[in-house]
């Protein structure tokens, strides 16, 4: 059932480039060709210059749009712990990460299109205006033409739009939500949705009806321009394939986020 | 005595931004106003995004030209140990560092003018064509308008010029040389020249006669466009002041290296 | 005026070994000979194996008792940021740090006597029973004969004593307190007491009367066995000297904490 | 054919605990139960306190003897790059790593039995007496009852025995050798022996005849007390199983190295 809020085109994004030195992470080779936009770690919570380059070239080979995925400078915690940084520190660390990845992109002959904060920084900036402003200021200072990916309905969406940035609201089809529109913590029993069909159904319902069920049954109203598939979810490639097939069957077009009408 | 090879204008450069987190290093506040160009650490061997920003703003306040000072990714060794990286790795790490500092410069409203490799990377690239080419490739990919600072007479000068880069040859007035034109290792008894008058005399002689005495008395013929004062030499500011005064008295103009005739 | 709670012997401790690689921190050479016990960083928030060894040998030369100063694994934040570790993680990181320093002590021919958590870990463990228990478990597992230094009157004192550890309650003569007995944050205008006479007066009053004035004038009742002088306070050595002189003049004996009657 | 030099009992060892933070490495769960002794990374080139504890408990569960696997402090290079450390630095870093792992072992209720340097440190110490002495000094200072595992026939065997340490000479059944008894670099086409039967045959021949064929056909004479299976070789568990079966079929007893007759 397609309502008047139905969404007819959508981006599909995944995180990638999260290996470090000799330690591999995720199956970028399988996942990247299945999405429209890829968020690449910038060396602070994961990744390094060699991993960045390899990931950029992989995206380029498949003509997938690339963006930066900056996180807290916390390799050991993989960017999933809240590091108590001041807004000034968040801005500086985000800016340096954008620059590092952009330089690698320049070397690889590709153009950065978007920015999506990672992990704990994504969550903190979604709820806290001063942390959101720190990320937004970094993006504006670096390149105001970049699209910022933010949790659908979050404070960061508002803060970024007020600063004049183009924003892509993001929904998660492989993660459970609480009734405030936040992702359930990974330790929560229904936090991770590993079944491809369940994820695909969530995606189609969300885009046709503009709603998503929270873990307590509450109905969230979201208007995403991009859907995330986590590279580290088990079977991420299977999820992405199922979602692509279901969206196509439902007549919803897949486009990289920088090409979506806004 | 001024010969036909006498040099009439010269840049004076120093390394800066080598603090890390809570650990201070060098006296940037005293030294930066005394030079014409400052090389700022990029977070791999020293520095971090906050230190970069602070250093960039300090240089901006005094209208000193800024450049990048990339090094081996070796915080513990302060970039003074040779880390056995492949040329591909050197290129990638250099590129990422250029990008990080450039982004911080963009945020601070200043423009990067030059690149000078740090420590062991500087020395390795001076003597080894493949390592030099790795650094040169990174600079070319990032921004071919940057001037590359290289040890006067070294292989890196040749490799960079062949690649079309503008090169500033550099001499050291606070460090002893061996008869092959290499800096004496810091452990050598005459490696560090801490006396301001001795350094100033070396500077004037070098620019007027185009020669510098090696530690064994051999005469080196050098044609530098820039002289380095090390920020971590004891009394670096006193050395810089003495050199400025002596050069001015000798009628040699001080100019930032990107403004020198080449 | 000396009351019935007057304290007749006391330890004086300082943090040391907080340099890292090429970055110096503090003036250990001046400060260590002035205290009775020294807390040595263990490589997680500061220090490294070479710094540990150098600091241990310096303490040995002056016959100063040595202990471990473990902190959060957060070099960039110098252990002053709360890193959200689980109790299991705190226990594991504390244990590994005790082991590393103890091995260096074995190599230097000295015996560890005590443990004092550093910075944010000290504060977190002072107020939170589960974090305190994590530190206490690590000490018990490693060597239950070590004395644990904890903020006077804090929860960690209680948790450690219940676990059977010998505890030295600690007061700070160079830092302001709030009326709950917590150190004022370093950003607070009266957080740091840099005047040697003021610190010395605080020390004598505290030991004779068992009281210390909080920043709002409230009277705190404390019964310390050790007083801390921060190595990174300006003029730390002058403070330590003034405090030693004032204590001696007041007839209070200075003893290393492992030799105090408990 | 069993000669007079035939070896009748042998240890089988593997490296483990080489994960880091969120990055897994190797299949410790499969491999550890198949060996007699396990070498656990100590946090400098790989591992962290949580990984150490997890690995120690896994070894304890299967009653496998544990030892320390210290390496260069080079997380990004995984300890496989030669970091130019002075002998003093090697000694200090080795000592701190032994202490860290030993503390975790104490917490896990197990006793360290041996030490085996990792990667580039293993190779450097095998060929260079001063580097070997640095490792040996660290082991002697920490606990002279530990057995040192060293490349069969290497200088480190001699240096360690002269210092009074018990040494287990080690041979590699999953790696090719050059005719000087050194491991072929991993980049060499025949460096890695991934076929379980080939590795098992090498093991039996080596123990019965005391010989191993180098890559150029030269015959190496080795008298190992322990054989290594690399955890990161593809199919490490299959290799270990095949070798165990072949050794048992040949009547050679498997014992942890600290229980071997020396």
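In this document, chain identifiers A, B, C and D correspond to the written order of the chains, with residue numbering beginning at 1 in each.
Quick note on the criterion: a residue touches a chain if its C-beta (ideal position, glycine included) is under 8 Å from a C-beta of that chain, and two chains touch if they have at least 3 such contacts.
Here the structure is a predicted model, which is why all the values come from computation and not from measurement.
The set of chains touching chain A and also touching chain C is given as B, D.
Among the remaining chains, those touching chain B and also chain C are A, D.
Chain C and chain D have CA centres that are 40 Å apart. One inter-chain figure worth recording: chain B and chain D are separated by 44 Å, centre to centre, where each centre is the mean of the chain's CA atoms.
The multi-chain contact residues of chain A, meaning those touching 2 or more other chains, are 76-77.
Contact residues of chain A toward chain C in the complex are 73, 76-77, 81-84. Chain B makes touch with chain C in their complex at residues 19-25, 48, 75-78, 80. Listing the residues of chain B that touch chain A in their complex gives 43, 49-50, 52-53, 88-89, 91-93, 95-104, 106-107, 138, 141-142.
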